[in-house]
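Data block below; observations after.
Labels run A, B, C and D following the written order; every chain starts at residue 1.
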Amino acid sequence: MNSTSAALAEQFVPVTYVQQGLDALRSREKQVTTLLAQRRLPDKGWDDASVELLLQTLSAMDSNNFLGSAGAGEREARVFSPLVARRHFHLAHGIGRSGDVAAVQPKAAGSSLMVQVANALAKDVLHLAGMRAVQAALVLPVATGMSLMLVLLQLKVSKPNARYVVWPRIDQKSCFKSILAAGLTPLILANTLVKEEDESPSGYLKTDLVGMAALMDQYGSDSILAVMSTTSCFAPRAYDSVKEIAELCQERNIAHVINNAYGVQASKCVHQVELAMRTGRVDAVVQSLDKNFMVPVGGAIVCSASRDIVDRVAKYYPGRASATPTLDFFITILQMGKSGYRRLLEERKQLATYMREKLDALAIEKGERVLHVSNNEISFALTLGSFCSEVMDKQERSRRLTLLGAMLFSRGVSGARVVSCLDHKTIAGHEFPSFGAHYDGFPVAYVTFACALGMRHDEVDLLVTKLRKTIHEWRAKLSKQSPPVKNQVEQSSALENK
Amino acid sequence: MNSTSAALAEQFVPVTYVQQGLDALRSREKQVTTLLAQRRLPDKGWDDASVELLLQTLSAMDSNNFLGSAGAGEREARVFSPLVARRHFHLAHGIGRSGDVAAVQPKAAGSSLMVQVANALAKDVLHLAGMRAVQAALVLPVATGMSLMLVLLQLKVSKPNARYVVWPRIDQKSCFKSILAAGLTPLILANTLVKEEDESPSGYLKTDLVGMAALMDQYGSDSILAVMSTTSCFAPRAYDSVKEIAELCQERNIAHVINNAYGVQASKCVHQVELAMRTGRVDAVVQSLDKNFMVPVGGAIVCSASRDIVDRVAKYYPGRASATPTLDFFITILQMGKSGYRRLLEERKQLATYMREKLDALAIEKGERVLHVSNNEISFALTLGSFCSEVMDKQERSRRLTLLGAMLFSRGVSGARVVSCLDHKTIAGHEFPSFGAHYDGFPVAYVTFACALGMRHDEVDLLVTKLRKTIHEWRAKLSKQSPPVKNQVEQSSALENK
Amino acid sequence: MNSTSAALAEQFVPVTYVQQGLDALRSREKQVTTLLAQRRLPDKGWDDASVELLLQTLSAMDSNNFLGSAGAGEREARVFSPLVARRHFHLAHGIGRSGDVAAVQPKAAGSSLMVQVANALAKDVLHLAGMRAVQAALVLPVATGMSLMLVLLQLKVSKPNARYVVWPRIDQKSCFKSILAAGLTPLILANTLVKEEDESPSGYLKTDLVGMAALMDQYGSDSILAVMSTTSCFAPRAYDSVKEIAELCQERNIAHVINNAYGVQASKCVHQVELAMRTGRVDAVVQSLDKNFMVPVGGAIVCSASRDIVDRVAKYYPGRASATPTLDFFITILQMGKSGYRRLLEERKQLATYMREKLDALAIEKGERVLHVSNNEISFALTLGSFCSEVMDKQERSRRLTLLGAMLFSRGVSGARVVSCLDHKTIAGHEFPSFGAHYDGFPVAYVTFACALGMRHDEVDLLVTKLRKTIHEWRAKLSKQSPPVKNQVEQSSALENK
Amino acid sequence: MNSTSAALAEQFVPVTYVQQGLDALRSREKQVTTLLAQRRLPDKGWDDASVELLLQTLSAMDSNNFLGSAGAGEREARVFSPLVARRHFHLAHGIGRSGDVAAVQPKAAGSSLMVQVANALAKDVLHLAGMRAVQAALVLPVATGMSLMLVLLQLKVSKPNARYVVWPRIDQKSCFKSILAAGLTPLILANTLVKEEDESPSGYLKTDLVGMAALMDQYGSDSILAVMSTTSCFAPRAYDSVKEIAELCQERNIAHVINNAYGVQASKCVHQVELAMRTGRVDAVVQSLDKNFMVPVGGAIVCSASRDIVDRVAKYYPGRASATPTLDFFITILQMGKSGYRRLLEERKQLATYMREKLDALAIEKGERVLHVSNNEISFALTLGSFCSEVMDKQERSRRLTLLGAMLFSRGVSGARVVSCLDHKTIAGHEFPSFGAHYDGFPVAYVTFACALGMRHDEVDLLVTKLRKTIHEWRAKLSKQSPPVKNQVEQSSALENK
């Protein structure tokens, strides 16, 4: 409301009320000023009205929303469906220009401003989470897999003859496929199994640093483009030893890309990445937007201790892109604020401890154990040894474990992964024995559960209750030797949960 | 966006783009300035973004949306459900104060401003439609019936001993009940049937002015509070002769309230009301918001050639009220703009002519006629003489006509009224022979159709197609003497369409 | 999704996933079934998606949203603005018919169903709050004042010659005006001041039951239409002794209407009303929707231990009405659920105790006291004796107190009422000495604060902090004898807060 | 509403009304059935309510919206901000799985179904537009540039040693960068200038087919991965001769990718592509979602006459992706319907003719001409010879033309491109003399205007009015030899419009 309108408003409503209303408006405008001046998360999250007022303002600054302009280009951000226009707050120009996905658009001052601020907030929120070495961050409108691919493609520009990527095994397809999609060849490095002292069929997996060095020697620095290490992953795999890898890479002049998919939410993980960036070579760290910041799937943050690599990735992106991942992140981070994000991180940490305790109790009750994986604060693996022991033939073990997965799925437990250590997978010619276990001969079957950001206390309780009940029913079924797979739903979904 | 923010924005996005964006923002703000300065409909309707930006701005000016304030009252407009808050654009204080429904609220500068402007726009849109004598208009948050009751209650304050309201018969319950609800006694004045020259069983109904004068003489001016006349109504009733009634009222010092329910949309009707206001006594004119301005049911405009009566009605209203009818009107009228409303009026006029032609053609085809009612531009009555002639006994005629109504209803024709001239109704002790026909012995059964604001050309076509088909099927049924009412749906809904 | 669609979906997506999705859909549909079967609040509040899915379903059942129908009536719920249509979830027919505001509409099965269920939920939520004697409840689309007027008008129908309403004084205009608006004459009954034992300038106000009996004797049962008692009110007025009034009314055959404006949120208040309904005569109880259920201003619930009176009020309402207050209530109560509403009630109770403690501490600090009013759990009065003692002349006291009110307003404390006991008001010829204090000669000035439903813990802290600071500044100003009113804002708003 | 609920509803609302409401619901459900059965655009566009009801239904089928489930994975689509959740209709799982962007997700039956149907609709709408040879279509969640890169990367898998892409010059960066980003080397083929008979400084540009064949011979089929041809482009460049290119590619076993960026909207262009697919080799055609279907920037459709290539591109995509581009397309295409899209195509065609006429008239008036480019129905080039003739020095000509661009920009003409034929650009080492003109020595400067889908008649009028005025002012300025660039805004934006 401009000053003329304010003066006119006083002809309708007493000046004192108008003034108080204007003060309130000014305080919302001041929030925006503070945001633009500090380029940091607000201390306290913004309410819906503040966010919407800002988005409406930005949107009015984009040419497709100008009153009385004439669009004579082939791309004027005309939107047919009001439903669609509304869900985008009338921001329709997307982000970037043909030359640079981080570039501002002449036709879209509002969208451009949003993108720039979002990138600044991305950097700030990573600092807040503990990655203080980050000097530049870029919200990419593609998810983790594509982001990794773009980083690799970009690295290749300055080392065109290198064709290998050293990849400590992690049984998750996106990152592996990102190497293939970039036209590169993965060198798969097996993990090291660290057994527990009691010699039980258990243990955890960590990076084989000696093996990595050997691989580097074998292929040579010139032909190896990068190491792609992974932090966040399913237990019993631990975070890769990213600090040590970073040091190896620095010594041998090999690039290092960290797939920090959902690691921002875990303080120990963040700390490892921070150490790696400070003491060794880390070209880029890629983290998922949806998993770390509770937005819909679709974006990632690429960050680095060097502005240069981030700018190069931005400039490498051919053409414009959807503004949605950036906008979702922008809105969310404004609404979380510093205090909100800190609270979420703290709650997750406490809840993970709680989940671990509950799973431990259940494990003892059932004669199993929760594997001890010190460097994995998010994912927990509960062994499934007792009802599918080594004595059974492989096919029967597989049948039994598949059944458990299907039962969990159909009882509303999503995201639990039953790992039989019996599946074999081939991806683009590369063999993965015991797929899912990140290791060829992991000694025991297990099922994993994650305590991810945004999980609620009652959800953990519900999970453990459902789990207890399902294991009970599963064992009862197996004991009776009843036909293991009862109905089509469970049968088919079983395939899915492998 | 304040100037500091604008300057900061230039650190993110080139100054030229920011400037152009700001220009666009300014032009939206200027729309608001023009609105407040002119207090009139914008020439061209506003787009969604302009309306939402204004509403967000107003909403931020209400205390329930202040950042950092403390609400220590019993009514602080706290809203539990985000769904509800959102549908009200966070405007939750309602309208008015305990003393006056048009009063501004200290806690709600934004809502108050909206209400004041809405009332100014109400006056302007009535001028636009042709009621140029209107000096004051008030959007009431209750529909036509309650608004009429409030006007009557208010009139009674200054003439407490008068207990009668002269009411030219109109077979619609709300207005009749508004008299009863006000604790007053209606004096029902029968209409005059004007037969057509050809002596066919047809004709139309107009005000019996001689009878009205006689009634006034009989009861005396002191005991008659008001005449409540009606303009818009179902054919074959014509608009009341409001000009002549206004003159009678002026002569005899009797108040005159016009129920102009959906008359604003019809130019001839508006013209009659304008003449009445200019040449005689019209205390207040009440018009429905939903029917004249295409908003959901719930509000009305009370207007008058005198500011005084409108203010008194406002002050008479006990307590606060919902802002929704006012807000719906405000949004709609901004989005229509002058040109939009004019276009709607024009389209309705042309479409009514078109509908009349199509119905005429159908009537000829079926051996019926569309009644000629010069002073009714909205509603058309198609006779139904041929298949339920006077020869039949009453019960059979009633059965047949009820069946047609039910058939139309179940075939998706809503709002058509089959009037058998055979129903008798008693409301609070008052008898209405031949209810629905506005007249005791109307000579022929008929069915009415309205061409109301917002109807589309293809809807008229669809109506006539469905009508032709239904009449055909109806007659076929009757010819076969098949049991007239086939299923429960048609049976029950038949009762409804009487 | 019908079964054919489900089968077709399995050609796109594996049957197991589709089945699980359909199960989820079914469980949402089952929520609706449970709601319709039980007619009670769900145990747990519904999420947005469930509410919206239900509203979309209901909306599709209204004729204005039928695909391929032809609207031939004068009222077809056509909505011009998509913004408006959307905020009403395309429910545009309003509620009621010309004969009955609670009646179902043939054209609007969905809206009608919503209204019926909302009324059932209104009854249930009152039971939940403790008003178990309630047999029928009606959500009225007008706020408390108008609802009281409608109830009075309706009562008058069966006792047309009674013209008085006994009204224990409560200095709030809406309820007083509702009596006037109904064309009735209030008999104002002064309250009884109960002094505290220590003879300090303090005390609280309660119903003068002896005086009421005397008034009844004086005017006679035949000429008194009703007693309008009030529960929730600002301290130091206590709830009226509604049980005893109910007994008096029963003895003397006088109707009794309880203005329970925001009393549903307070258990002691609810208990009084329950006792009154059980042991004496209570024709109707009216409660505000916004204050008790956290919806925007605009509706009220009329309830009674008898179905009859509620039905009669519904049938008395002339014409249709806005669906908004009912819809807001419907959505909110579904989203609260039983557990949510209980939690809100419990939180308010605890917070009121907390607020009382904080105010007590502040009072001691400042040499004042919080008045002890046992029968008022919502509003607290802090005395203001020390800086505007009786020694000063009246004008100076008034100036000082007005200044405090203005200062609180401009510092973002809304809803605090400074009562000087020096204002005199005349409403429609009735005199109110010491307006605001509910009593002619209350012994001390004070300021009131309410702890209403939905207030938050941090808001109480903020309030007390602001209050402490403001009193400090106020006293500093007064001590310096600086000109008391510094700027225009404070001056004007001062007038407002009287 | 399930049948139990329907039966219960009849206890609240008469059975006839409920039945009619249910019929209406069923007819909306039937729309969905028809959609799933036919996998084609609905004949008539759906209204908002139908779309939202479907989306709500689909959303309820995704696991993140299940009531009472426990999410134990690292990715459970939890959304923090209600604003964000709402804009995605609670669909938060994105699309695809780690192995395939077109794969269904076990956790997201609803989202998966939406994606599958969207891909079917993409195929259907391309058929509707005239590309009847299309056998498979895939909506990609990345824009044209990235889509082209993905197609190239995929093609490279089966021809790993080929490193060249033949690229008929088109001065637009995205497509050029897509080749570089794929790690390939472009072979830039100059266009052929076809002069007009009158020897005026004009002409148009077409594919140099002889040159292309020569280039293929020079580098050899084995080392050339593909030809990337372009259809839609700015005049005076015409569509590439895609049919002839397709034949060349077939003969020589070279892949052929058509960049049909905004060509779907132009019937002649579509016809060329159709011919190419039918008679020669076309591996994939890529078209922009935003430009052809009026959605926000962010997606593209990859289609082919062979299912295989489309599937391979889908499987090539590493990881999940944003559902937004697909969802926007899905909503839009449902709301357009067949008739709506046909009408838009027809309107654009007629409007292009109208724009051409208006520009011709203006050209004659100003002593210029609109270049005749038969194979370009969308973009028009108006010469600018008269005020910046060859006689002037290059710097002055450039200054003058830059000024015009800046003036158009600041007067609200967006998308007009002033091409001076004097700019030289280097992209990744490749030289582009006379950048913007698609040709090294185009004989005359010009400005281009596009008549794109969704442009309105009044917008063309506004454009021509603004253009006439701006040219007039520009010439006036130049004649006066006033300093050409007046203010900062025009200066900076000038750079932009080159």
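Here is the rule we go by: a contact is a pair of C-beta atoms (placed from the backbone, for glycine too) under 8 Å apart; a residue touches a chain by one contact, two chains touch by 3 or more.
In UniProt terms the chains read A, B, C, D = O-phosphoseryl-tRNA(Sec) selenium transferase.
Only a predicted model underlies this, so the values are computations on that prediction, with no experimental measurement involved.
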Assuming a repeat means more than half of the contact pairs shared by residue number, which candidate in B-D, C-D or B-C repeats A-D? B-C
Could you tell me which pair, A-B or B-C, is linked by more C-beta pairs in contact? B-C
Computing the C-alpha centre of each chain, which chain sits at the greatest distance from subunit B? A
Separation of subunit A from subunit C, taking each centre as the mean of its C-alpha atoms, in whole Å: 48
Quick one: report the Å distance separating subunit B from subunit C, using the average Cα coordinate of each chain. 30
Roughly how far is subunit A from subunit B, centre to centre by C-alpha average, rounded to an integer in Å? 56
Touching at least two other chains at once: which residues of subunit D meet that condition? 14, 16-17, 20, 48, 52, 63, 66, 68, 82, 106, 409, 493, 496
Where on subunit B is subunit C touching in the complex? 48, 51-52, 63, 66, 68-84, 87-89, 91-95, 97-99, 106-107, 141-146, 148-149, 153, 156, 160, 172-175, 177-178, 180-183, 232, 234, 261-262, 288, 290-291, 293-299, 316-325, 328, 331-332, 335-336, 344, 378-379, 409, 412-417, 449-450, 452-455, 459-460, 462-463, 466, 493, 496-497
Subunit B residues touching subunit A - in the complex, by the definition given at the top: 1-2, 4-5, 8-9, 11-14, 16-18, 20-22, 24-33, 36-37, 47-50, 52-53, 56-57, 59-63, 65-68, 82, 85-86, 90, 104-106, 108-110, 112-113, 116-117
Sort out for me which residues of subunit A touch subunit C in the complex. 14-17, 19-20, 82, 409-410, 488-489, 492-493, 496
